[in-house]
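Two complexes are shown next, each including chain A; its partner changes from chain B in the first to chain C in the second.
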Partner chain A sequence: MSDQISSRAIREALRRALGHAVPISVTSSGPSSGPSSAPGAPSTANSASFAPSSAPGPAGDEELLVNLAREELDPAILALQELGAQHLMLVAFDLHSIRRRTGLAVEEALAIPNGPIVRLRVELPADDPTYPSITPLVPAAQWDEREAHDLHGVVPVGHPDPRPLVIHEPAPPAAPFRSFVAHGEGVYQLPVGPIHAGVIEPGHFRFSAVGESVLYLDARLFYTHRGLERLVEGRTMTEALPIVERACGVCTVTHATVYSRAVERLTGTVPPPRARMARVLLAEMERLYNHVGDLGNICAGAGFNFGMSRLAWQKAQLLRLNERLTGHRYLMGIVAPGGLRFELDERGLVGLGALATEIEREVRSIVRLLVRSEGFMARLHTTGVLSAKEARRLGALGVAARASGLDQDLRRDRPADGYRDLQVRVISTPAGDAAARFHVRAQEARVSAALIADLAGRLPAGPIAVPLAVQPRSGDVALAGAEGPRGASWLWLMAGPSGRIARLHLRSASFANWPLVATVVPGNIVPDFPLINKSFELCYACTDR
Partner chain B sequence: MPLDLVRRLLLPLRNPVPTSRYPETEPLLQFGTRGLPAIDPARCDNNGACASVCPTAAIDLGAGAGFFARPTTRSTAVWAATTGPSIDAGKCIFCAACVIACPAGAISMSKRVELARPSRAELIELPPAVGDSSADLAAADRARARILGTLGRSLHVRHLDAGSCNGCDWEIAALLNPYTDIQRLGIDFVASPRHADLLLVTGVVTRNLEEAALRTYDAMPEPRLVVAVGACAISGGVFAGSPQIRDGAAAILPVDVFVPGCPPRPEAIIEGLLMALDTRRTTAAEPGSGA
Partner chain C sequence: MELNAVATTIFLVVLQIATFLAFAPFLTATIRRTKARLQSRRGPGLLQPYRDLAKWWAKLPLESNASGPVSRYAPAFVLAAVLAAALLVPFAANRAPLAGWGDLLVVVGLFAAARFALALAALDAGGAFGGMGSSRDVAISALAEPGLVLALAGAAVAANSSDLGAISAFGVWRGVGLLGPAHLLAAAAFAIVLVAETGHHPVDNPDTHLELTMIHEGMLIEASGRSLAMLVFASELKLVVLAAVFSAVFFPFGSATEIAAGPIAFGLLVGFGKLLVVGQVLALLDGSVAKLRLLRLPDLLGLASLLALTGLAVRVLLP
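After this line comes the complex of A and B, so read on.
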């Protein structure tokens, strides 16, 4: 907290790396930028910890946009990596939508710990949309660049794995997997999916195995690619909400919240205190039912029906609480830009804290029984180990990162909405195996239940929404993140003419973590794959969009 | 360790049996459960606000016979004969945008969640339920008894995610939890389409999954049934019109029953499965095999 990295330090680092001063434009979020009606007021009202000193809001709220030539991208990233920059996303977009001229652009967004977010923009001519691939420097960007190539035709030169990712069809049938299997005596291929045996989402996994041991795993996803980002282009901010919310059916609050925060940044809107706190409540309810369900799914992955069935019942009860509060079992249609779409059901708030606590206590007693079951825990321990080094290199997020010793959580590191007034305990443990991910979830469920119990009875009174303050200017960009059950999801939103969406990019935590699964599995046995998969518990839908 | 085993065995004694008796009972709803929007014909002035905000264009203004949930006045017949907005349950995502937008306050979220129908058209032009609610309930009970009567044998279901958001899939997974416990009805999920009687399709049918979906269906033995679950599988839902998708299961498969919802709750899916069985009984009886 003490050694915050200011935008001046970043300016200086970039000047040194590039040998000349670069123009940097700075934007900060609604409360500090001025156009809003109540700058900073909602957060200071009931918090002593948040004191807006001379700095305009926390540094984490600042966004720096740096325009670079394509050969300057690598040195700029290297300079920022020395400051500890973490990859957030790489997004490609068409300049035509905002400027009526041909051309493309790519933007690499990086977060500086205890500092601002930096967006490095490189404009590319339409007839030569090439740029040096950043994947060698930022391995976490490997899928981002493949997706940008598939959907916008920008060419990352020097990408180590330039196969198609999102669009399956135009590729020649056999080519996508060429040379991405292991060869040798006794090595066989085990193709699984896209239609799996259970009630789960579609994805194709190709194991190269010797006996039971996996040598190599190639994951091919994006079967559920619905073209969400293209679909919302040209729509109004209100029209896009139900579509973005349905990127994934079990991270709905997370995605509606990142979208709403991005729109609020673009329009300089500050949601009222009640809505800001209610969003925390809803986000924690989403985390709680997901974590409880995921604990059950880990049992299913290990073939332990007792735990699966018991925890499924607890999850069913949590879904009822969701429905009591919002009328929807998966909390859809409640979070919206400006606050909430409608008031939470008062009858659902009554006793919510006690009920959530009760369910969580039941979950804890089940977990205690599971932990004492040697056969079950023997499956989890040392299975699917993700080292801290590998997690950092590949940009792991959420539970997967925290179970590998990375102490990161957006709720604490870049708090937004009501989280600014709350202290969230972040759970992390260094082991990195399936057992660690099991334990992190179990303990986070407890933290969430405590937050729900704390907030349900003391939501601030007042309105639940405010109208959006101003219409965003065409070409303005906002980036917003939120810590969901699976980790941090980030949404990049660019406004077009007359307040419509020019481009939207959603990078969910699952998108970030899928490549990890493929690197973790080799070395384990084939029958442990379902367990490893369940211990990460990633969505296909919000990866594929 | 034996002590833990004892604890594990005693656990069920601490909690009562949680299992639902649906379809013999009503579905378990909560205070604010959002069912199909209901239009009150007495207050509706056909101003069009609802249709203009509907994210899936589920509301059609003046389409003639209106489909609306539990009409509240006696002018039902008049309303149905003249013009009034109709709601397509196969497109509705139950977001309540129409309720919020209506300046006349004519729309409210009903608690109707059992909306399965054997044809796409019936989702729009369902004849309005006339009469008081108790008569409705009796009729519903009879329908349930009739549907239950067809369960002389078990039904094996294969789930197919054809590009969903995962919401419907989690509700299908919830069919197997101790509350819904669909196996008590003689229905179970199987791993291979070769063992399946019924294909339970969720999602919009993406281009990337079209071939896999068709091959799954082709692998099923005859006779086979297809149930489309959720707004996406019926009409493409909020994703309708995207060039990456086929706007629902009916574009590539012969769908026997449509189950509206976003996502439909487990009870609604059960209703759809039972309805599909019912259609099979009527079609199977024709060749004259008896049984």
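After this line comes the complex of A and C, so read on.
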């Protein structure tokens, strides 16, 4: 990797943009002593590829914290965008939790490709918590800023769409739903949900349509907002895990992993090799059952009962494998800071690779039949097209991004845990329609099954967890990401006094992708919306938290 | 003699109403059963549609405060219109129970009246899905109606009568000779219309929970209690009646040519057998074909009209 972007280059770029040197603090993952601190790591690791990776990755694991004044935010972002910076999340927090004074802060976290993660922090006085909105520069931050406004009261001045996002009622008095609907001759509004005819998660979709053609769609979510981020504040790192893990039911490994990695970064802990590889195994199990289920859901969206029922069957088989391996069909409760909470079930591990391969082979033959069904594929082609440009602009993630030609996957781009020692094939195709998302899922399922088959038989021996090394200092922040079935989820974790949590923010992949659905739908017809929606297949619960 | 004819009519009317009412939920149940089997599910029991109807019938309808008398009375009107159509269709015998009271155009008209009332009721409730379902259903039926009428017209031209009983009797008289190219083209056209009118794949999904894709179900979404029972029963009955028209006009073999206990019983058995076959074909379609994109439905229904028109042309030009 010759085109590494170092923290020095970033420091230089920011100095040029702001006209003065800015204080930057650098943290990198893992204890300074390197991974050798893992106790009992066997020196006789099974094969060369399992030798603990030599220390944290060069620049990719570094985090730079830059403290800025409000008016410096925009030029700093522009400078970083020239280096290719991608929006990760914007998080607001109350300074009171870490210092004995009032005040608020917002942090915009950006990832520099082949470079570190940069957190731009702006502290705001409590009596004037305004800052220039970054959405005009970073359209992907639109929902982040609206959420931060609703929940923390920081005001992004100049946000193009300052309507409430999380808090629905009462609506603000002036023009509550401006740009909520389209107007014109023959335009009607079609409200759908939040209570649906089927047993599905709640979301309200407001279509503005002429006949069957959609002109505009506004998605209003957050009906399952449970205040999880507030709930974990003041709890110990151990207490918070089950709460974070339950942000939603189908990304449990992903969320437990991002949380665990963030805690490990804060405490300078490196999980033992067996745990790191087992996390990969579990993550791929999660991806596989999700992708298979989602392929079936696409069939349901197109009204193709054959594919729906066959793939639901295969998904059920995969859930059984999960249960045999971990005692939980949705893989809850096993990934934990420091490694794993308990050992994988030996009976579940035996033959896991063969079983997963067999199920995937079955899935592949079903997919082959589906692809041959002209009526089915005709529904998928040209439906819900997300252009590469739009995907990049709005920060699309995961399958949605890769099906629009963006070649990105955290497993390869910022590998953590066992992924450092593995080569992950990234599937990408340019078409951007529902068919492309269908194909990407089908092929990724195959990659996942191959990874499972590869890993199940050769997990390194040794302990499954280490105690957390040190207690984090109050005010320390760590950011961790993981590629889940719906894309990269990121978690921002700030330690408070006595090792408790001062603030946690989970930016799930679904949260980042929801605005895409709303922009993709106009131009399609109303009865194709369920299909488009299912081709993205985003969670509501981990968006709402 | 006169008294005898009246008695025959009353007998046929009672027989037809009793058997159709009893059989309609069962036909739906067999379709669901096969669909479930095709999806590797066990599926609900064959009595489930009866239980559903009984449950809804026992409940008072819940009306939205936007709705008025239309949604209150429309369900009964819809059911009555379909029932009336049922009595104009020959089933067990080669004569409709109310023979002479109306021909095939009246049957088509009664269905249109039922649809009109249902569409109004769906609009009346004030929900968005009702209006959407109405607009789609009316658009589809407008496209389907030419195919329906032209297909039946072909048979009527051959039989030289628009009375369904006469057409059926003509078919039985012709025997296998009936199955000429013109006849089969018209039968294909009618089959497509049958699928569209009864809301099966690839036109509509009768069991969907995706509101935005609904057509017929969308119109029922605001109905509840007794109103829902009547509307669901009407649509189950409509399937029976349309399938009965299909078999009477295109495959009338087996129905009784005289009004006597033996042939009538035989005709009933054969009739129900044919209905079950139609139901199984619909279930197969539901299980094996994806729904068409809504805006491509005109292609399918245009094909039906084209087939029917070709059939009619063949019949007129090559007698």
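Odds and ends about this structure:
Quick note on the criterion: the second predicted complex is superposed on the first by the 511 of 545 C-alpha atoms of A that agree within 3 Å, B and C clash if a C-alpha of one lies under 4 Å from a C-alpha of the other, contacts with A are read in each partner's own complex, and residues count from 1 in each chain.
Note that contacts are C-beta pairs under 8 Å (C-beta built on N, C-alpha and C of every residue); 3 or more make two chains touch, one makes a residue touch a chain.
Keep in mind that what you see is a predicted model, and the values were worked out from it rather than measured.
In the superposition on chain A, contact of A:Phe529 is made with chain C only, not with chain B. For chain A, the partner with contacts to more residues, out of chain B and chain C, is B.
Within the superposed three-chain model, A:Pro273 lies out of touch with both chain B and chain C [touch as defined at top]. In the superposition on chain A, A:Gly227 makes contact with chain B only, not with chain C.
Of the two partner chains, chain C is the only one that A:Arg379 touches; chain B does not reach it. When the two structures are aligned on the shared chain, A:Gly301 is found in touch with chain C, with no touch to chain B.
Once the two complexes are overlaid on the shared chain, A:Pro415 sits clear of chain B and of chain C alike.
Once the two complexes are laid over each other on the shared chain, residue contacts for A:Cys539 go to chain B alone; chain C is not touched.
When the two complexes are overlaid on their common chain A, residue A:Ala197 makes contact with chain B and with chain C alike.
Looking at the shared chain after the overlay, A:Gly333 reaches chain B, while chain C stays out of its contact range.
Shared contact residues of chain A with chain B and chain C: 197-200, 306, 309-310, 313, 373.
Those residues of chain B that touch chain A in the complex are listed here as 1, 4, 7-8, 11, 18, 28-34, 55, 93-97, 100, 109, 159-161, 163-174, 176-180, 189, 191-193, 203-204, 206-209, 212, 216, 237-239, 241-245, 262-263, 265. By the touch rule above, chain C contacts chain A in their complex via residues 35, 38-41, 128, 132, 135-136, 201-202, 205, 208-213, 221, 286-296.
Residue ranges of chain A in contact with chain B, taken from their complex: 167-169, 194-195, 197-202, 222-228, 230-231, 239, 242-243, 246-250, 252, 293, 306, 309-310, 312-313, 315-316, 319-320, 323-330, 332-333, 341-342, 345, 347-348, 366, 369, 372-374, 539-542. Listing the residues of chain A that touch chain C in their complex gives 189-192, 196-200, 211-212, 299-306, 308-310, 313, 373, 375-376, 378-379, 525-530.
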